[in-house]
Every structure is written in structure tokens, then in C-alpha cells.
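See below for the structure under consideration.
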Amino acid sequence: MASAPTRARSPRSAGAVAAALLAAVLLGGVLLSVAGSNPVDGYEALVTGAFGSRYGFGETLVRALPLALIALGVAPALRAGVFTIGAEGQLAVGALAATATAVGLGDGAPAVVLLPAAALAGALAGGAWAILPALLRVRAQVNEILSTLLLTYVALALVNYSLRTWLGTSTGDATLQSDPLPAAAMLPNLLTGTRLHWGVVAAPLAAAALAWWMRTPRGLAYEVLGANPALAARAGVRHGRAIVGAMVVAGAAAGLAGWLKVAGVDGTLYPSVSGGLGFNGVLVALLGGLRPAGILVAALVFGALGAGADGLQIDTGVPASLATVLQGLSLFFVAIGFEARRRRGKAA
Amino acid sequence: MVTEVELILAGAVRLATPVALAALGEAVVERSGTINLGIEGTMLAGALAGAYGASQAGWGAGIALAVAVGGFLGLVTALATLWGRANQLVVGLSVTLIATGAATYLYELWRPTGTAAPEIPLAPTVHVPILREIPLVGPALFEQSVFSYAMVALAVGLAWTLRRTGAGLALRAAGDDPARAALRGVRVRATRTAALALGGALAALGGAVITVGYLGSFDVNVTAGRGYVALAAVIIGRWSPWGALAGAGVFALFDSVAIQSGDTEIVPVEVLTALPYLVTLAALIVVARGGRAPRALGRALPDDA
Amino acid sequence: MTAAGEVLLAADAVVRRYGSTVALDGVDFAVLASEVHAVVGENGAGKSTLARILAGATAPDAGEVRRAASVALVPQTLSLVGALSLVEHVALGRGLGRFSAGEARARLADAAARLGVAPPADVPTDRLSLPEQQLGELGLALALGARVLIVDEPTSSLGPAEVERLVGALRGIAAGGGAVVLVTHRVGEALGAADRVTVLRGGRRVHHGRVDELDADTLAVHMVGEVPSAATVTRPEPGRERLVVDGVDAGPLAGIRLAARAGEIVGVAGVAGSGQHFLAQVLAGLRAPERGTVAVDGVPIGGDPWAAVAAGVAYVPERRADGLVPALPGTDNAILLATLRDRSLRRRWTGLRDRRAERTRARALFERFDVRPRDPALPAGALSGGNQQKLLVGRELAAGPSVVVAHGPTQGLDLRAATAIRDDLRAAAADGAAVIVLSTDLDEVLTIADRVLVLSAGRITDTFTTDDRPDAARLGRAMAGHPLAESDP
Amino acid sequence: ACGSSDEDGSAPAASGDAAPLNVALLTSGLTNDGGFNQWAAQALQKLESEGRITLQVRQQLSDPNAAEPVLRQFASRDFDLIIGHGIDLSASVLKVAAQFPDVHFATTGDNTLEQKLLPNVEGWTYDFGQFGYVGGVVAGSVKDVTKVGIVSGPDIPFVQTALKGFLEGLKATNPSATTESVFTGEFYSAQKEQEAVRGLVAGGAQLVFANTAEGNGVAPAAQQAGVPTVGTAVAGSAAAKEVNITSANLNFTPVYTGYLDRLAAGTFGKRFEVGTLANKEIGIDPVNAAAAPGVPADLQAKVDELSAQLASGELKLPDFS
């Protein structure tokens, strides 16, 4: 169904990504050697940690889920040339709203009420957090990279404040956290012996939605938005509304990811609920080439690196922070690899 | 009251110095047309390199090592964005990921469990005898780390260089209109590369100032987002060296007030944390209308430059 | 002192290829002291390539260039860096150390004296008007010590008065013992300004010699070979008013009032900076007028591009890049404006794009407007400039518009493509559209329009029909937009 | 309250010289901070060198987001004992332990931890009041000190307990001394500690007490300001060696030996223990007489005597919590 050049481009960029990942793997091998570990053993431990056990596999998926959701949500904005990178803060306020809703409705409420109410609260809060930077971009030409970044810190301060005051746990714990969510507000487990929960179905659903949207007339008009807003307006996509729309959708997806985090995994709101997920989500979107399938794969790679790293340290004693280095390296080489491919494609 | 104001101001200068050094470098980088989101990671790398070098061979060696590491990261960024023409934002964020991960990784290799914390000699503080007694601003201006004075000297030097030298002209031209600058004999890529190397070196210096200038210890949270603060400071400062100092000062002032207000919670501490970001946002709204950003900022290098 | 007739700059049998295109094919050239030497030819003839090779900015694949004096190139697209002043340009790209602004200023003043005009030297050049920038480039080249100036199409955005002033400056340089190579595709300009002329066609030198031995027609034949004749379209008498602009203020525009009838082609002439861009945008609904109304067939469209498209306004922007998305395939570019509007391009149940229907539509458009190659799957950016323009014009005209707003529609195109596009515009008018053609090129406007409005500094200063063409002096006065800053001592 | 009950009978029946046990230590800070985290790592490394355990250490896990997956990884991999060291880890340990009833965990916290323990989790805390009291006595013994500055971490109950203990000790030895107190809000924030110290010294403090994790920011600032400290970790920074008079410390060796013994005996679980001078889980660093001119020559003797009195119960302190 895709037009010829689009279809022709996919395997080539897949090749570029593969080459880039290979380069990252080689450099990572050097770092493993520095740590006095045999790189082959190191990678084996990494892979075993990520996929070698039921628990590890579940962990990989659990970690990939919020990344995928954020990336799929932010993809339309990035495709339209809107660089909204505030998912970190949007996830945090989404988690905050979802927690407040679930805890506020309390133990009495049934799951059919708690689950959708908390999900909705998360998505609305995340989306709302995107409105200010969106309006500033549209009305005052304020660069959205910076405004969304700045509001991320404001969001984290808001979560901290809430946990220190009105939303803080009543049990007098030393660390900031909310009361645990009522059991009925938690997403049921999907795979016993893992943390994998039913929320994971959100990723393929969101991917399908993105794929569908990219094939709609509006999807085409959005492609034009970044390069040529006047032309997009003539095609029927108003610049201002489109940008606000794309940024709010990205925010809502991040907020939803925040709900999934507390209702699927943590069961409690911690100040560090976002913990870099938002930034990594944006990177996953870019790594996945802003396409649904690519994003799912990239999210799995990131998730596997995170889950595998714990196994790596346990098995070989290599510090788990190597995973962060590997994530950065993959991204770095993918960014170069994409461009090289694009240019070679043009020259041909 | 007087002592409190003195403390807050002096503390603000100390808290501003690392950020301002990074912001000065980033101002140069952005003037040449690149946004470097890698400075957060570069600062952390500099903090570790400074700590390592200082513990091995004194604070001067720490600073030298940090500057070298930062310059190297700047060159890597240049290689990817200018020669590889990769997206600046992605490369910057990935450099931050790599540097953050690597700093944690290397520190754990350097100081595994069971070893003592490194002994990191501190760089000296300059005490100017009489001027230090001036009320209110005395301690803020005349009793500071060598790096604070270096920061001011650097701002003077950079402002002059941008206005009065061929290097400054080349830099501004590369950031404004790379294609035409190239037509006029400016080596755009070389210029931007040099700017990135300098910016990386200064960001790393800023990081090293935290460990070698003030703390005498290292952990992976020492920079805590200050690189992004430096980015904001550059914008509040409208891409000028003096503006970068002022922008860094705004953030530091709020931090300093938050610390000195101690447990007398007049406003929630989170408000003080969040306020500088909101102030920056407000500044952005004003500045965006003025619109004196380097015109080619953030764009990929044109094929003919 | 050098004698007149001394060869200052010469090229022997230079060849330059770009991929399979041979831009220059064994061209000989020489410019002598004290002369203005015109290089003329159609678009794509190789003029700019020759200019760059002469200046040393591009290396030839074969052949040799000899320079007996310092050479400076003022390129076709201006090369001033907007953030820097002219004074700073003197030092730009010449070493990294400290520079003396005083010395640079003195050198510029000296150059200005030779040119006879002095554009402001201390403000960022993006604050200068276009003619000031153009003259600034010339002054800069002289200040940097060039004796031979190569000027590539300097007049494309100037009005008659400014062209005259520039030609005067160029003649002054030649009189002072320097030499000027004037690259242009305007026959009249070459004849008026130059001592000798070199004609390029398809990368070969097809003629060279003294200007006083030539007349305009002969020179045109040298340039073009044979001139394709315009297809004759019979058009009905102008009908009802389709476009009415009433008292519009927008940006520099003040009190614009105009009407265009079905079947009529209205030209809007004006130098760059006269407000043409704003007028075109207002007509296309891309900019809301601050005051006044724009109506198409009685429907107001102020500031709403979507409503404008719905009312049947076709818009060909000044720059092709503003009308097409180079990265997207021809198909997407061809159906872009219809995709959200036209149900037949969508699948019935899902609402998704119907790729087959889109391709069919695009192929038909490529066929009808002769876009080559006939491959709508190619990215639009891979088409040549002329074919991109045909694609753009085709998309806008395909749906049978009520009003056509075409801004510089044949700019930078060779004669054949330009003719085709003019024919398309005439056909649209014949089908009942009101057509507005805006251009800085007076010849173009006179060629196509039935009626001409002169726009200057945001106001309509004159209006006439093409049958009743006014003399050059009246036109010059009407078009004189920005007065130049007088030289300061 | 210190009852031991072991519901799960699956504990490995290992004897003293059987194969070493697999132990994982998760700390909230760095294990070379010279203080709380390093003391734990040192104790376990000693046991490792004696061949009783194999040890894996993971640092800087104060963020539950980072800590919980690591706890689960260890729990799912046949570790005999997983220690979550630090009050910020205790909630995570309890959460994960509930899902792995067959795995043994230990964690630290404050007095509220006791009620939350599970059959497979042991808890530990120490006498914060006593800990602070020792510091107060030392600070009060320094000559010519009229004002003492105190830098505390977050304003939470056990930090308050230590603070009250300090004030009581100070009053006991120097009743006329005044104090000024600052909370940084964080256990590990060296730069905030520094600025707090500068503020206190500018306000007239002649000595600073570090009531934080290890005071790694307190010592360099105090050194620059020219005042001595009490309570900073001497191993944590070069400055502390110069300016710190003495600090209380924690000795985890008896704690961990107890864990191993109970694991071997199959009695591990739900036990809560409080470290004190009496059970030698609190100790006091040697006095650095060169830290300040006002340190009296007999301070070491005085500290030793105090320590003995508190250990024997001869001197009883009120409940500060």
C-alpha cells in the first residue's frame, strides 16, 4: 500500500540502523575489555539478562512499553518538524494525576471505574502540560525544544511538592512517595513470574494507530507542515491547530505512559517516576525512524539493553552503567548512519 | 540582613561559575550555528576527569585533563554533525547519554567497592584583602575561586574576540549564513568545529569546577541538569558572552536563596527550584520577539558550505 | 599604468561537466582593461559556470584560466552575510586576528567614490535594501582590491532607475582602467552597458564580438537558436469581476484596490521590496489584511488559505520551494491540495488514501502539463527547475481555478519552459479565470498581461493597458521604489 | 519484638564451612563515601575475604525506579541474601520481598521498620539519639566555642532524633553554647551542604556538626572557612582528615555475622535489631587533636570514658524520638 519510494527506503534504513548498531556493539566491546571482561561473555550475559529467562524477557517488555508509547505519541509531531522533547515532565504529571485519581477514589471503587479514570487523568494531565509550550510556539514563536525542556523541570518540582505535601504517604516513610494505589487500580499481571502487565497491549495498539494515521490524507498534510506551513495550510492543515494538536497528542501519550508506570509497575508514585524515560522515548522515536514498526523495534532494543545490563553486572561484574553507554552509542551511530544513507540515496 | 544578602550573593557567584563557564562555551557554539545538547554529559565527564586528574597530579592537572576530554567530546560532536551531517539534537542527546554512562562506568572501575574515595585537592580561593570588606558585594566579588575570575576574564576576551577579530567575524558569519560565509572565504566547517571544541572544553571545565573548585569529591549527580541550565542561560543572554554570565547568574541567585532560606519555609522550596525555569520561559517569550538568534542555528549544514 | 587593450583575464577551451550535463564545452574568453564585457545566454547556457571558473571559485575539468589582475566575483545570488556590516565584510575570511575597522571603512569609502554611491557601511547588511546590497557587493569587491569584477545577473531585482545607476557604476570602473564581466540574459542590458559581448548556448560559445556591430534581434537569435512561437489561444472578452480587492492594508501595502475579471490577465509590476510578496500572499489568503477585504466571486477570503483554495484560488509562489515539497514524490505533490477535499482520492470505508487513484491523477497531470520525466514516483526535488515549475503550475491549474495568482511564474526558466507556462496561464484565463501575474521583470509582465498595475512602496502608482504602453520615463518614475542613500563624503 | 520465626523451611541447610553464601549488597550512595555505605561494604568484604560469602555490590540506588528491577534480578537468581542498605531502599525491599517469599532480604530503616518486616526480611536500625549525643559532647568540649552550626539532611524523624541527641550532648558539656540549624533536604548534596556551612559560619558558628550521610560537602567548606567539624566522614574527603575532630561510626560486622549464622541455622527472618555502643555496632573515630586549637588534650580520654559509660548503661539517655 505504501508508495514505491517509501517502500524502497525501509530496507535501506534498516541496513543503516543495523550497521550503526554493529558499530555501537564494537565500541561497547572495547569498553567491556577495559573492564577486564571478555566482550563475548559480556554480550552473552547482556542477552541472557534480557531474553534468557522468563523474568528477563518480561522485564525487557516492561521497560520497552513506556518508551514505545512515548515514541509513538511524539512521532507525528517530529514528522511535522515540531521538536517537542518534554515527555519526561509530561510523563511525571500524567503519573501524578493518575495516582491522585486512583488514591483519591480509594479502595471502595471497582476496577472498571479506577482503571479508566486513572488512565484518563494521566492522559489529560500529560496533554495539558503540553498546551503552554504549544501555544507559546504558535503565538510567540518560542522554540519548543527549550520550552518543553524547561517545563520538564517545573513538572518534576510539582511532583516533588505534591509528594511532600498533599499526596505524600501517611505512613511516615523516609523517602518521598504516595500511598500505594488501591489493588483494583492496578493493571493485572500478564505473565506470572514477571512484572509484565496487561498495559503492554497499548504499544501495538498505538503503533497501529500511528500506521493508520500515516496513511490518511491528514497524515500527508502533516508531513508538509514542518517544511512548508503555508502549503500545509492551503492543503487544509492549519499551522497553529496542527502544532497544538501534535504536541498535545505527544503529551497525552507520555501522560498515559506515566499511568502505565504507576498502575502497571510501581504501584506507588515516586518523585523519580520518569527517570529518563521521557528523553529516551524521544530518542527511541528517532532511532525507529519515526515509523511504527521501527519504533517498536527500537523500544525493544532500549528495553533489552536496560534489562540485560542488570544481568551483565550480576554475571560478569561489569558495571550496569555500560548499558547507558551502549544506548548512547547506538543512537550516535544511527544518527550518522541515517544521514549517510540519505545522502548516498540522493547521489544515486 | 546584610550578612544574609552577602551570603546569598556570594553563594550565587559560586553556584553560577560552573554554569556560566559552560554557557560561555555554548554561546560561542550557538553563534557558530550549532546547538549542543551534549553539554550536560560533557560537564559530567569534565567533573570526573577533573577529579581524576587532580587526585593524580594536583588541581591544575585535573583542569587540564577535563579541558582535553571536553574538547575531545566537542570534536566528536563536530565529526558527527558537520562531517557526518547527522542531526544536531540527536547527536547532542546521545553524547549526553554516552558521557553520563561512561562517567558512571569509569568511576566504578576507578573506585570499586572497598577502595577509599579519591583525595581531590581543591583549587585556591582568592581573597582580596580590603575590598572583601565592602558591604553586600564584598564577598561576592572579592573572595571567590580562581575560576570565577577566570570566567569574567573569559567573558571579556570572548566579547572582544567576537567583535574585533577575524575569528569572531568568521564565527558569526558561519552561524548566520554558512553558504554565503563559505563564498566569502570562511572555512565554515573548520570554524564550527573549533567552536564545538572550545564549547566542549568550557563545558567540561564547568564540570571540573564543581569537583575541583568546590567539592573535592565526585558522584554521578554532581552536575544535576546544570548543562541544560547553561543552554537556557545562553538564550536569556541573547547569545552574548555577558548575557550568558547574566543568565547563569539568574539561576544561581534562585538556588542560593533556596539554600540560605534553610528551614524557614516562606515559599515551598520547589517553587524556588521551578522559578528560574519559569523566568527563563518568560525571557524566551520576550527574546523570541526580538529574534536575534543566529539565523542558521540548529539547521543542518548546507551542501555547499 | 596599463594600456587599454591589455588582457586582464582569459580562459582557453574550458570544459566543465556536472554529471552527464556538460555545462561548458570548450569555451574561449578574454576580457581587456577598460572594457565592460557582457556574457549572455539562455537559462542553463553556462554563464554562471563560466563566471565561477573565471573567478577561480570552480575548477575547470579541462582548459586553462589566465589572470593578469586580481579578480572578484559578485555571484548571482548575493553573497553578503546578513548579520555583518559592509565594514566587517572587508575583514571576513581574511585571517583570524584583530582587524582594523578604521582601515576597512577607509577602503570602502575609496571604493564608494569610484562607484559613485555609498551604501551604509556600518549596519548589518540584512537591513539594507536590495539595490543597496547589490551596490554594497560591488563596493566590497573594489575595496578588496579587485581590478576585474565579474557580476552575475546583478539587475534581476532592480527597477529601471536602479539599473541605470548600476550600469553607470560599472562603466565608471571600466573608465578607471579596470574591467567588468557582466553576466546577463537581458539583451537590452548587454547592448546598453557593454563594449563587447560573448554569447553562450548549451555550454558553447556561439558568438563573440563588439556590441556596436549587433542589434537586439540578431543577439536574441544567437542566444536562442530558433524562437518557438507562442500558441495562440483565443480568449473571450473579459467577463464578470471574479476578484475584488478593496482598500487593503497589509505590511507595506497601503490602500490597495484592484479588480480582475474572468478571462483577464492583470500584471502587477514592481521592483523587489515594492510589496509584491505581500500582495501575492494576501490574494492567496496566506496573510490577513490589516484593513480592507479580498473577495473571490463575492466570497471573502481574508487570511484563510483553506477558504481561498475552496473558492478556487490557485497560487504559484515566487520560490518553487514554497510551492512544492522536494522530498516527497511527484504524486504527493500533485494531489496535495486535493487530498483532504476530494473524496474520490480516498477509500470508501477506511478513509485512507487511495494510492491507485492518486497515481492515476498524478500521471494525468504529468501528461497534460508535460512534466518530464513522466515518473510521479520520483521526489519532486529530483526534477529540473523547469519541470518542477510545470508540476507546480499544473497542480494549481488542474482543478479549473476561479482566480490565479502567479508570482514570477517563469523566473529562471528557459524560453521553452517559460512559453509553456505562459500558455498554461492564458488557457486558464480563456477558461474563465481571472489571472494575476506579479513580477519584477517588466518584460515578462508586458508579454503576458492585458492590463498592468505598477506597485511601488506598497501603493499602486500607475495603471495602463498593454496596447497603450507608456514610455520608459513614466514607467521608471512609477517603479522607482527605494531611493538610494546618497554618497556620504 | 526480636522474635525469630521462620515460616519457610526452604532455607539452605548449610554449615559454617560449607560453600560460601551468595550475598548482594545494594546501597543508596557510593560505597566509598567514607561513611554509611562504605561501612557496610567493608564489613561484607571482610566476610568475603574470610571465605564465608561471595559478594556483589550495586551502588547509587536511592531511586526506587532503579532499585526495584535490580532487587528483582538478584531475587530471581538464587542469591542467599539480598541487603538493601539505606532507608530509601527499605520500601523497595519490602515490596520485592513480598513477591519472593523464598528469598532472604535484609534492610535498614528507622524504628517504624519493625512493624513492616516480613517472614523473609530482617531489619536493622541504630540508636540515632546516642549517635548524636556523642557528637554533642565532643562539640561541647572544644574550648572557646560559643556558637555551633548544624547541617542536617532531610527533615525526617530519625534525623530529628539524632539532632536532639546532639543538642542534649552539647548542653551537657557547654550549656552556654548557642546553635543554628539548617536542613539541606537531601542526604547526598555536597554543594548544598557547602553553601549551608558558609551561611552558618558567616552567622558566627565556630564549629559545624554534620548530621548528614557523610558530610562530604561540609568538610571542604569548613576547611575553607577555617572552622573544625564533628561528624564528617574522615575517609570521605581530604578536607575531613584535616578539620574533623571525631565522628561516630557504625560497625556492621556483627550485624552481618548474625545474618549468616541465622541463615545457616535456618532461623533467618522477621528479626529487628538496634545498633548501639553496647553491642559495639556504634563506634567512635579516634580524636584528631590537630583539627582545631581549642581541642583539649584529654578529649580522647573523655570520649573513651563516655563511650564506656553509655555502653555499660551507667549513663542512660532519654528517648529522643
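By written order: A, B, C and D. Residues from 1 in each chain.
The criterion applied here is as follows: a contact is a pair of C-beta atoms (placed from the backbone, for glycine too) under 8 Å apart; a residue touches a chain by one contact, two chains touch by 3 or more.
By chain, with names taken from UniProt: A, B = ABC transporter permease; C = ATP-binding cassette domain-containing protein.
Computed from a prediction, not measured in an experiment: that's the story for all the values here.
**Q** Please identify each chain that touches subunit C as well as subunit D.
**A** A, B
**Q** Centre to centre, using CA atoms, which chain is the farthest one from subunit C?
**A** D
**Q** Write out the two chains that share the greatest number of C-beta pairs in contact.
**A** Greatest number of C-beta pairs in contact occurs for A-B.
**Q** Roughly how many whole angstrom separate the Cα centroids of subunit B (ABC transporter permease) and subunit C?
**A** The mean C-alpha positions of subunit B (ABC transporter permease) and subunit C differ by 46 Å.
**Q** What whole-number Å value describes the gap between the mean CA coordinates of subunit A (ABC transporter permease) and subunit C?
**A** Centre-to-centre distance between subunit A (ABC transporter permease) and subunit C: 47 Å.
**Q** Suppose each chain is reduced to the average of its Cα coordinates; what separation in Å results between subunit A (ABC transporter permease) and subunit B (ABC transporter permease)?
**A** Taking the average C-alpha coordinate of subunit A (ABC transporter permease) and of subunit B (ABC transporter permease), the gap between them is 28 Å.
**Q** So the centre of each chain is just the mean of its C-alpha atoms; given that, what is the distance between subunit A (ABC transporter permease) and subunit D in Å?
**A** 38
**Q** Please give all chain pairs that are in touch with each other.
**A** A-B, A-C, A-D, B-C, B-D
**Q** Provide the residue numbers of subunit D that touch subunit B (ABC transporter permease) in the complex, in ascending order.
**A** Those residues of subunit D that touch subunit B (ABC transporter permease) are 29-34, 38, 41-42, 45, 57, 59-60, 155, 181-185, 188, 190-192, 194-196, 198-199, 202-203, 216-217, 219-220, 224, 235-239.
**Q** If you look only at subunit B (ABC transporter permease), which of its residues touch subunit A (ABC transporter permease) in the complex?
**A** 35, 80, 84-87, 89-91, 93-102, 104-105, 108-109, 225, 228, 231-232, 235, 268, 270-271, 273-274, 277-278, 280-281, 284-285, 288-289, 291
**Q** So in the complex, the part of subunit D that touches subunit A (ABC transporter permease) is made up of which residues?
**A** 56, 58, 62-66, 68-70, 72-74, 76-77, 87-88, 90-91, 95, 109-110, 112, 154, 156-158
**Q** If we count contacts the way the header does, which residues on subunit A (ABC transporter permease) are in touch with subunit D in the complex?
**A** Result: residues 49, 53, 55, 59, 63, 171-175, 177, 193, 195, 266-268, 270, 272-273, 275, 306-307, 310-311, 313-314, 317, 320 of subunit A (ABC transporter permease) touch subunit D.
**Q** Sort out for me which residues of subunit C touch subunit B (ABC transporter permease) in the complex.
**A** Touching subunit B (ABC transporter permease) from subunit C are residues 57, 75, 78-84, 88-89, 91-99, 101.
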